[in-house]
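You will see two complexes here that share subunit A, one where it goes with subunit B and one where it goes with subunit C.
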Partner chain A sequence: MRIGEVIETSTVGFWAESERLHQLPPLGALVAVALPDGATLYGVVAFGQTAGVDAGRRAVRRGTDQVFDGAIYDQHPELLRILRTTFQAITVGYAGPDGRARHHLPPWPPPLHYSVQECDRATVAAFTEAPGYFAILAASEGEVAAEQLLAAHIRCVYDRRGRDTAWLNAAGQQVARLLKRDYDRLLTVLEAIDPGVEKYEVQSTKYELGGAANGSGGENGRAGKNGYGDVPF
Partner chain B sequence: MPFDFSRIAAQIDDLAREVPRGGPDEFAPLREAYATVDTGELVARLTDPRNKHSWMPARPDVSFNRAYPAPAAPPDFGVIATDGSFILPDRHSPARFYLINIGRVHLHYGSRPDAHLSSTAELRYREQELQVDGRIPVNATLLGMRRAADELAALAAAAEGVPRPAVALQDGTLILWSLSGQDEAVKGWVLADFLDALERLRERGIPVASYISFPGGKDATDALRIAACDYPGRGLPINCDACRAERDLPACHVIPNVPDRHLFAHIARLGPGERSDVFASASKILREYGEHAIHFFYLQTGTEIARVEIPAWVASHRPHLDLVHALVYDQCRRGRGYPSVLQEAHEQAVIGADERRVVEQLVEEALARLGLVMLRSGKDASKRGRFV
Partner chain C sequence: MVGMNGESGSPHRWGAGGGAPQLGVVIGGSFKNGLTVRLDTARSVEAIQVGNFVVVEGDENRYFSTIADLELQLTDSALAADPPPISSSFLRAALAGTHTYATAEVRPSLMLEGTDDLVAGGGPKPVRTIPMHFAILREAAGEDFDVVFGAEGDGKFALGSPLTMDHPIPLDLARFVERSNGVFGQSGTGKSVLTRLLLCGVIKSERASALVFDMHSEYAWQKEGEGGSRLRGLRELFGSRVAVYSLDARDQGRQALDGTLQIGLNQIEPGDVELLADELNLTPTFAATSFSLQQRFQERWIERLLAMDGDAVKDFCAQSGANQGAVDALKQKLNLLTNLPYIVPNQGTSVIDEIVLRLQRKGHVVLQFGRHSRLLDYMLVANILTRRIHRAYTDQVLKYDQSGDAADRPHPLTIVLEEAHKFLSPAVARQTIFGTIAREMRKYSVTLLVVDQRPSGIDAEVMSQLGTKITGLLTEEHDIDAVLTGVAGRSHLRGVLASLETKQQCLVLGHAIPMPMVLRTRAYDEAFFAAMGGRAKPATPAERDAQKRAALADIYGEE
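After this line comes the complex of A and B, so read on.
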């Protein structure tokens, strides 16, 4: 399903404008851009926002005691034209015309103005079968912390795959492998995935929840990525 | 140092002291004149050809000092507006052209709210577009009037597909003041399209109005000066020259030199949504307008006193007048003190500095393709590449 159009593009990701105001794929969702050569580029939604089409115009309060929430859009119909919803995706791989998924960056960015599609269950299942591309998400430095993005992506895919526990297990192990030197970051990811599966994941990576968790995993993680504090756990 | 602020600091303080503050007693004579004006007598004085004066007094249509609350807006209605901006002909460029960009907005309210926003840019470069009547070059003043005609023509075109009831709005004045004293060819170049657009709006049954924020007009206070003149009481026709020759302080001196917005804010004390009476403008250029002569009223928008100008056929048809009153006030409330539709039309029309540069660049590239290297004037080049 077409959900947006590429409005800014680069080797590592792209920005898309939603087809409709306030309608964008959830954080962590897998999206695709069909390329002119028959290949398909895949991205993970890493950020979304709604703001004025003209960056120089800030939104102001429009509500009154009688008119609020959705009714504001009926009383100010121009808002549907002067606001826009945009989202950013991090490119995590592509599939050639042969359909084989590759978990590394494609040689070129997607063309501007091409359609962005939300991936169906079969496509999500095929691309995410092996979680090798998690490294790209773990190294991302966008507005959303990499740990939160990874966790959101794992939740999305787990759901799209019909609550596939085997896949969740493999995903947890992959995260543990990636963050084996950074317990705080790992814990942040695991806690954010789902409290219900936390114990399972922690056991599988031979770490234990406990007093060592101080909630500052994000800070440590950033320091590590920047090369200042990549201290073995 | 290019600009010496210290030199003007003291003058700014003096200037601020000159701004009328409207204390309770400062304008007592004005309050008295406004409350007691005899509309019949005033109209008689304004229409008596023997009276000679140098003011631009407004002629009240019905009465002078009544206030009218805003009528309710209909359940389903539209507002349309156009606004324009231009790129002036550049005297320093070898390519002679100007560009007019017109923004159009239609907002529909009610059971099926909707909005349409668009803009159209047009480059004009033909000899007949650069010179009026083959001899008068189009400068900034002429282009301003041409834009006004183009905006109104676009408004009339936009009105064709808009369901009624609807009001068509413009920003600024409908009175082409700067057309006075222009060559007849220039008048024709602007007025033919301008009046044709007004006529099309009338035929379409969509009242048109223009909106002036923070208006500087003094038409109503000028009319109070005519009312205050003591010459008719002495059995003489009004004659400002004779009066000035006769004495230092004329009888009309009691009317302070303040804009109408002050009169309707502090003396008439219009409440939010209320409008003043409707007046006819005395501008001489309106003699050329025929049945589209411009009338106006003042409106308390909730944040300020604005001036709303309308053609005679809107002023004299109460349903049109009430619709304009209701919808302009409604727009001001939606737009936090300024009509939303005008705000959006402006946004559509505006040509940003980057866009201006792109137009210039495209023209240069087109010339280059034909082997013409764009040579700029020395003065222009020095402004572009500033050095020390």
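After this line comes the complex of A and C, so read on.
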């Protein structure tokens, strides 16, 4: 499913603009760009934001005592025009036309304005079978700390793979290998992905959020605590 | 099992070691201190035991090794200070292998070169090199044991199996009987079963004759073992090939003995008495006194001494310069000997000669002590008999050296000696006949099988002469030291020795086995008796008589 369009691209990753405002894949989700030669490039969502289309203008408060949250968007339909949601993905590998996953950087960045797709379960399962690409995430130097990104990605994939414990254990070991020189960072990741600790019930598969795009705001009930439906824009 | 039997006749090459499970990879080490192996995380370190026989597959050679030590490692010391929460098995699993891992210290003992052709007889050799990094350590497979220890068969007697698998590990009996050997272990660790097993192996293979000084009358006929099991005796297993003599005439009525042994005072020499110094509480001057008595009266010295009255003693002292008090004391102490029922004033050597002859004719003898099972009896009789044997075998070897006739070649003899530290303590080992045998009688085809629970009480020189040592659990430091004297890789064997189980486990090292090995001792049970060709049940009296006649005919020729 098309969820965005590449608006900035480089060898190590790309920025995409979401199809609809406030609708972006969760942190750590696997996304794909179909390349013109039949290959597929895979990225992991590393950052997301919603801001004004005009970078020079900051958003201003629009709520009143009576109108707030989702209702603001109903009151100000122009917001859909002047705001946009973008997300950044780190390229973690690609699959050639033969479909075989390769956990290293592709030779070329994805073309600008190509579609960014969300990956279905089968694709996620196939690409993440071996955790070799974790190294790329662990070395990332974006806005989000590498260990947070790794943890978010592992949680997403674990969920997408139907709570595959064997995969999670292998992933844990791979992270331990990558962060063996920094026990504190390692512990941060491991504790965040420990299935024995029921602290993350983030439904990473339900990232199709409700919200301003269909004008229903926070009232459609789909935007829960972890959704973005009640983000005050 | 790739190519181990060299079907094609080409030099032996190997595959993956019969698919034996991989344990880890070599990550360091030295020739001197052994290899360090990083153990695979997939297997719990608890599945591996110190002393296990393992194989390292080098590029060129295969190394037969022993696990000498196990160690836990951390890559990050922070982990030690701040261990992961105990409740999280996930965290522990994730850290295993990267932050926490185990290493094993592995000691290669033997190696098999890749070019060795097993069919052509190229067997494992002592190690002279070490494998490179990341050589694979794996469990030993049956074929590895066969390559190193040989298969059970002619001259190869299986004493037990390795702890990790059920595979017979044989001793090379030809090498075993070449030298004196020792069976050690704390009380209750199965020395007596081990000794029986060894004797069975020796007797069955006919590699040597055996003479057992059976202090507690337990080797000839079945005896209740620990836990109520019946330990079948050698006589029952091997029939007339094992002759039984007793010091106790009363045994004759109960069991079918081949003879009763009596000792004449005329057969006792000062050296025999010297050995009894502790038992008889003799003063240090007795040696000089008894030698001057013997000089004067030759073999009747004790008889004459005991017959002396006060004046005769004075006369003797005046003539020989001996101290009168010492002579009196010696007389008093030796008087004790005359009270022993098996001591007679004068005795020919017929029974002793018969025993020696049986041994020389490849027979086996168990000498029971019956109710005379005090150490005094044991030491006196064992010493006198062994002195006689020593003389006979020395003569025979001289004869063989002169004639070069194969028929004159003496048949090896092994003498089983219990409580050996009494005969071989540093104080007496240099004088007693047993010390002599332990040190040099290999040349004369007579060796000892020393059975003792306190090896530290045995003279170090004698210990160092022992070819093969088989030892059960020892915990006393001195005893462990004594057993491992002169053994390479002592430090790791020390750990192995102290960690043996009290039952049915022994460490075998030395001449008769290519490398030190911990064994689960073979059971001395009906299956074993069957393997030894023993009869299912003890013989009837009629059969015993027939056997006895056959045995006598064997010695003295047909009537």
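Here is the rule we go by: the second predicted complex is superposed on the first by the 194 of 233 C-alpha atoms of A that agree within 3 Å, B and C clash if a C-alpha of one lies under 4 Å from a C-alpha of the other, contacts with A are read in each partner's own complex, and residues count from 1 in each chain.
Methods note: a contact is a pair of C-beta atoms (placed from the backbone, for glycine too) under 8 Å apart; a residue touches a chain by one contact, two chains touch by 3 or more.
Because the structure is predicted, anything quoted here is derived from the model rather than measured.
Once both complexes are superposed on subunit A, the partners subunit B and subunit C fit side by side without clashing. In the superposition on chain A, A:Asp184 makes contact with subunit C only, while subunit B stays out of contact range. In the superposition on chain A, contact is made by A:Val60 with subunit B only, not with subunit C.
Between subunit B and subunit C, more residues of subunit A are touched by C.
Of the two partner chains placed by the overlay, only subunit C lies in contact with A:Gly172; subunit B stays clear of it.
In the superposed model, A:Arg81 makes contact with subunit B only, not with subunit C.
In the superposed pair of complexes, A:Gly162 makes contact with neither subunit B nor subunit C. With chain A fitted onto itself, subunit B and subunit C come no nearer than 51 Å, counting C-alpha atoms only.
When both complexes are aligned on chain A by C-alpha atoms, no subunit A residue touches subunit B in the first and subunit C in the second.
Taken together, the subunit C residues at the contact with subunit A in this complex read 75-76, 78-79, 82, 84, 87-91, 93-99.
Note for the complex: subunit B touches subunit A at residues 105, 107-109, 113-117, 334, 336, 340-341, 344, 347.
Here subunit A touches subunit B in the complex through residues 54, 57, 60, 73-82, going by the rule given at the top.
Within the complex, the subunit A residues that touch subunit C are 168-169, 172-173, 175-177, 180-181, 183-184, 186-187, 190-191, 193-197.
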